[in-house]
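Chain naming follows the written order as A, B, C and D, and within any one chain the residues start at number 1.
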Amino acid sequence: MSATIGTPLLLAYGAAVCTLLSGAVSLLAVRRHPDFLHFGSFLFLFCSGAGSIGAGGWTLLANLTVTDRFQLGLPWLDWHLRIDPLSGFFLVLLGTLVVAISLYGPSYTREFGRGKAAQPLPPLGVFTALFVLGMQMMLVADDALVFMIFWEMMSLCGYFLVVYQHQHAANRHAAFLYLLLAHVGALVILLSFGVLAAFGGGLTFDQMRAAKLSPLWATIAFGCAFAGFGTKSGMVPLHVWLPDAHPVAPSHISALMSGAMIKMGIYGIVRLSYDLIGNVRWEWGMVVLIVGTASSLLGVLYALMQHDLKRLLAYHSIENIGIILMGLGLSMIFIGSGHKMLGTLGLVAALYHTINHALFKGLLFLGAGAVLYRTHARDLDQMGGLIHRMPITAFLFLVGCVAISALPPFNGFVSEWLTFQTALQGPALKDGLLRTMIPIAAAMLALTGALAAACFVKAFGIAFLGQPRTRRVARAREVPVGMLAGMGLLALLCLLLGVLPTTMIEAMAPITQLLVHDALPSATAQGWLWLTPISPQVASYSAPFVLVAIILVFGLGRLILKRGAEPTRRADAWDCGFGHLTQRMQYTSTAFSQPIRRVFRGVWKVEEHIETLADAGSIPRVTSLHYSVHTHDWAWLKGYLPIGRTVLAAANRIGFIQTGNIHTYLKFSFVTLLTFLWIVS
Amino acid sequence: MTLLEITLLIPLLGGLLLALVGHRPIAGWINIAVGVMTFGAALAMALEVLDHGPQLSPSRMFYIDAFNVYLVVLTAFVGLTTSIFSRPYMRHEVERGRVTSRRLRLYHAMYQCFLFSMLLALSTNNLGILWIGMELATLTTVLLVSLYRTPEAIEAAWKYFILCGVGIAQALFGTVLIYFAAETKFGAGRDDTLLWTVLHESAGGMDPAVITLAFVFLLVGYGTKVGLVPLHNWLPDAHSEGPTPMSAVLSGLLLNVALYALVRVKMLVDGSLHTNLAGNLMMGFGLLSFTVAGLFLHRQHDVKRMFSYSSIEHMGLITFGFGMGGPLATFGALLHMTVHSLTKSAIFITVGHACQLAGTQRITQIRGLIRTQPAIGWGLLLGTVAIAGFPPFGVFISEFLLLMATMKTWPWLTIPLLAGFGVAFGGLFRHMQQMVFGEPPPGQKPVEANMLPVVVHLLLVLWLGLAIPGFLSRWFEQATVLITGASPL
Amino acid sequence: MDSQLIDWVLAAAQGLLFIAAAPLLAGWLQRVKCHLQNRGAPSVWQPYRNLSKLMGKRMVLAENASWLFRATPYIVFGATLLAAAVVPLVAVHLPTAAIADMIVLVAFFALARFFTALAGLDIGTAFGGMGASREMMVGALAEPAMLMAVFTLSMTANTTNLSVATEYLLHAGLVLRPSFLFALLALAMVAVAESSRVPVDNPATHLELTMLHEAMILEYGGRHLALIEWASQIKLMIYSVFIVDLYFPLGIATDFSAASLAIGVVAVTAKLMLLAVLLVVWETVLAKMRLFRVPQFLGFAFMLSLLGMLTHVVLETGI
Amino acid sequence: MEFASLSLFNQAIILFAALALFMSFIMLAQARMMPLIFTFAWQGLLLTMVSVLVAIASGHPHLHISAAITFCLKVVVIPWLLYRLSAKLNMQYDAEAITHPTLLLLGGVALVIFSYHVSQSIVHLSGLATRNTIAVSMAIELLGMLLMIARKSAVAQVIGFMSMESGIFFAAVVSTYGMPLIVELGLAFDILVASILFGVFFFHLKDSFGSLNVGQFNRLSEANQPMPSPEAAEPAPGERS
């Protein structure tokens, strides 16, 4: 270790050590002291998260770049580590989520050790720790080997976490699919590094930065990186693992996966294309933009059709990754066409949305976990009325819903607004195709946003509002305070990032300086109150004002209107005079999304089933009707199944080699020999 | 007597001893003790090599350099750990009545003879003796494969015998041709013309035409033993029908030794031909094995058979790496030999226990291992993870290097490699998952298992994945220089 | 400092004017409509009477209503109010315009819609769910169309700030932009859909199967209902002002002298009255659509706005 | 070089080599068990004689030893073992139906031509006058393999295998005056062990399968095995709405 490693890197090491300790505690405190496991393990995890935030925040605020080496790995290649503003930013993101789940986890995980399907807890703790460690170290990696080691470690531990409740076949299947795609994706990433290493002469990132690539090879490297990292991020059409894997993992892990892990893919794309390959080309941006648009639109449309809350959230991750990619794509297009400042704006929008999504998706998954914890239900159509039983959870979940639907004054809106602003600068480009494509992408983004709002009205409305649909839901209670604290932290951050975007963008300046050698001075020029990304003339937004105004209206309105009013009376809801309403008369999630299903039919493969039970008798009388709808993913049906079938068919055919007949085997040997002799003679 | 000769003698004498007392209950311990001594001697010898560099025995019969020293140690080591595993395993088999005490004696004797033959093949300086060692290894293991005397076992053993016999005969023809080439160069009447040290020094002067022909015969011959497609057909049969300790050493060691022989020959050929012919043939063979075996993984019903296909796959990859031949690829291939051997033997050990636990080798009937006996379940899981090439296990590092090297020299070949990795991974995991996870069948009971070898192996593989110790990397590097003439550093 | 203060005061005044005038516009619409349909017309002040009556009523809430149900009217009204503060009614250059631009304006509407729909689901009646479901679908389709129309405008003016854009168009004089024509039509169609007018919705009906907006707020009464009604009147007003001031900015005040402000008031009143007449004619001529024709209607609006955008890119800037 | 100009020794060597090759053909065509074994022994004898002749011609004494080894193994021990075994297994009068015998012989001829073609590039290197016999030895080796492929009986396969070994041994003798002694001894030991093992296996095979027809040993076939359909094979993820 060199003598002059900077404090941020030390902090990062500290965080990594804490993570390891957390794993060790869970491993050691096996049976005797389960409580010790809970608190010790999560305490260390908390420290680790705090350390990450510290390390990342420090580099980001002080604009530092610190490197270090370890005598590990290959004989001619030490482990190179480095922390710079970009990795710092992602460390902060990761650390925040880790802190949140370390608050949330102790109560939540206790549930797994109980009951019929009790699972041993140590694996959960160990792999959670290693999962976090993988991400932490991957972010500070400065050579391809270390990067890949920890990248794969992250993927692998994710697998163990997804398959944690392995008694369910769905979990096993989801985990398998996840790991398969993660593995293939990692190999593709490896190829990208391979190209860079071949041209740069070495595996360290410094050598790769110095590599002189021809446009063709640069594009190949970018393509591999994009496909590989995109698999991890869940971009369409490489997304199929995501909606399977996220729902079945324990909820705090889902939060971590959806909030942090898929962002690592974004980190990878940014790191490789802006930093290592460099010389971003607009063609790449075009691809990224198209993929991003498709991901966001399809993600939200598929989300709308889900009635499993966590699966719905998982599809929204795809949508939001799409939005992030749109920002990145715009940024690449602008940078590739020579508009550095606009490129910077796009990058800021993308990164801003990255951290936003981490926060609100983390919050939502934790909320879904809270519901699961109390009701053991993931199916929306079994919930209902939880706002009365779990008011704080409901409130926090609502914050997440508003934020993800891109509504002011929360954070999701800011980043989407920035993305819109970037897109609106499309006319600055020379190329006619780009100029027409970008507005269409913007329109799709608008459509996505509106559909997301519809989807979250459904999610929140069906789950938390109305009347409880099952008895277990009716008996639900508020979750323990630790879980609320975890969610509350994220909800608060959602609001803060929504209200203080100017400050946030200022803090992100070192990243863009590092990657694009440009910053957005104009965005913050008008003070913290006004966000003016390009100039005050072009666009401005004052989130604090909006917040204050809403609060004012709310407060004043209530003050004025309620003064002197008679006390409120409670009465039955309007039932058209038919007698009282039952919970079965409510709209279900399937019913809610029916109009949209009709409007966008063809996007899904929809199967409708109606099961009718009838009394036998001279005149059959229908006693019960069950209607259900299944939507299938075309990407799975048309993309993955054929590939899988091809492989299996090939495997089936290839069986002819192993006939079991020794003569055949001898013939193989004989023919091989003769062929080779023929070749060489 | 040099340390090397001691290393060779111990298993030979141990084999003779066990031929007498191999049926006694104590035989398992004797087996272990012999293993310990062999390993100790090998280690001492390795230390000597580490201190003084390559060693040529006074009679010039044995030669230890950076390339084979680590393989000798590895062989002794895996031999030892497998013997540790074999004690409870065989006891269980005897209890179940699958093995009689006479056959137990045969087993123990043959086990040590097998180790001897491999050590002999590895350490000899004479290509003829190398061949003899390989043939001896076949002969000793044939009896082990047929140990259970079931029709399947007999059939497998017969196929193994015939196919490897034929293969090895081709190798003999190749050896004769090399001898021929050497004699042409040196003139008749010298008795050192088959010594590798001599041949290697003067490889440049040998006639290319003869050497090419010889290489074809040797490739087909030793390639059969390595398990290269389409010469591999014996391998899954032999692995699946024999006792599991034997599968562990077959997969972990014998394949390596055969490959070692092949690479030694390739070094001669490269020295003589100055073309890429040998390399290209090996690459083609390797890639074919790699992809075909990956597909075969999907269609397996028998867990040991499945992992034997995985061995074929990895051997294909290593052959591909050696065939590619740059320093990076060679280094990766050398490393891969080590980690594959450690991992695969660990897997077979675990699989052995798992099969005893479930009472069958059918994949569909092995269920819920992690519930019934977490040690076995996790062992199998982590072993599979390691062999599938996930970090931080060492297999990842070697696959990483191989892919990097491919990207550098044959970029387009990365595509089949990539597809192969994906297919193989899918094949392994889809089977492994159902065995390890899920609810166990009612009444499934834990078995006596010694997981120490597995833990040690996996820890070693983990260590190699995180950092390659200095001495080993020096050996690898020297071996790389020896094989390719350039250093990866 | 002084001038800034005056600016803010003026802005507040304009905002107040906006909300105060909104029921008037609704009343005027109603009156014209009755005349056109040969019915006896209520006074133009009738909406004010309705609102004040509702304000004074005792609150009755459904048993199952949660805090969300009670908070929603204020949020909806607040969001609409904020939106109103951004739109230049009489004068441009007001400081409130900088708080939010066109995109934020759309987002304010989305916020209001979001909460209204949630409130619809809160009680757990079938009506509420139905209304929420349909409203969200309509909103999902209308919002992108509206944004596209707005983008066409903002690309021309290179700003998303409403005030700046209006001023730009005012100074540009008469330019015959094909893109504006398309965008205007699209915007008009969206405005009709968004403010729950025929043919998408009928504000006057309470027929169960045809309700959209009304179904959601069926459970509301008293001051809550008043706020929501008022908010929807403001919303209609915003759309109207949006159309008349952006596309026909003639007469809007660019400085704060009394004269130009007065001209501004007169101009905008005249324009709004005219627009209302047009709207009434449209509503009288058309019948309400089936729900599943609405997507086609909105899809057409989306097509128009896209066409507007493309003509802008292809014909107006490519030169 | 004119054949006639060779010494008689060399002419004899070539003659015996040709006869050994001929023996291979006979084995290929011989359906009955006993004559097959005898033919094999004859081939061994011819090879022994070649070795002796070469030993005399070249003055390499250790070739005598290898000739003796060959004689013991190929002429005495192995044929005797095989004879005993087939007698014990009561199959010395078995004859198997050879499918397409003519085709097989034609294939054999093609193999000889192929061997000649392949070895042409190397024969000029040999210092021996009888160097063209390399082609013959290669042909014997390949014919042995062809025999293994063509025959169903395990005994015939063993004979084919041994015949391959003979071919290789022949190659060693005629191209390089034999291998170093230690190698030859080891080789002989291996072959001896192998032949004993083969013997052991005949009994096992007979026990397990009731015959020595290796064509029936296909319990370990994968060709007609159905694909396993484990849960992860082709699942439709449970997407529903």
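The rule is short, and it goes like this: a residue touches a chain if its C-beta (ideal position, glycine included) is under 8 Å from a C-beta of that chain, and two chains touch if they have at least 3 such contacts.
What you see is a predicted model; the values in this text were computed from it and never measured.
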item	value
Two chains sharing the most C-beta contacts	A-C
Whole-Å gap separating subunit C and subunit D, where each centre is the average of the chain's CA atoms	96
Rounded Å distance between subunit B and subunit C, as computed from the means of their C-alpha atoms	77
Centroid spacing, where centroids are CA-atom means, of subunit A and subunit D in whole angstrom	66
Distance from the mean Cα position of subunit C to that of subunit A, given in whole angstrom	35
Residues of subunit B whose C-beta touches two or more other chains	158-159, 162, 166, 213, 236, 296, 298-299, 429-430, 433-434
Residues of subunit D whose C-beta touches two or more other chains	118, 121, 145, 148, 157, 214, 217-220, 222, 225, 227, 231-233
Chains touching one another, given as label pairs in label order	A-B, A-C, A-D, B-D
In the complex, subunit D residues that touch subunit B	58, 60, 118-119, 121-122, 125-127, 138, 141, 145, 148, 154, 157, 161, 164-165, 167-168, 171-172, 175-177, 179-183, 186-187, 189-190, 193-194, 197-198, 201, 204-205, 207-209, 214, 217-220, 222, 225, 227-228, 230-233
Sites on subunit D touched by subunit A in the complex	114, 117-118, 120-121, 142, 145-146, 148-150, 152, 157, 214-215, 217-225, 227, 231-241
Partner subunit C, residues of subunit A touching it in the complex	384-385, 387-388, 391, 394, 398, 402, 405-408, 413, 417, 420-421, 424, 426-427, 432, 435-436, 439-440, 442-444, 446-447, 449-451, 453-454, 456-458, 460-462, 465-467, 530, 536-542, 545-546, 549-550, 552-554, 557-558, 561, 565-566, 568-576, 581, 583, 585-587, 591-596, 598-599
List of subunit A residues in touch with subunit B within their complex	71-76, 120, 145, 148-150, 152-153, 155-156, 163, 166-167, 169, 172, 175-176, 179-180, 183-184, 187-188, 190-191, 193-195, 197-198, 203, 647-648, 650-652, 654-655, 657-658, 662, 664-666, 668-669, 672-673, 676-677, 680-681
Footprint of subunit D on subunit A - complex, ascending	169-170, 172-174, 176-177, 240, 243-244, 305-308, 311, 589-590, 593, 597, 604, 628-633, 636, 641, 644-645, 648, 651-652, 655-656, 658-663, 666-667, 669-670, 673-674, 677-678, 681
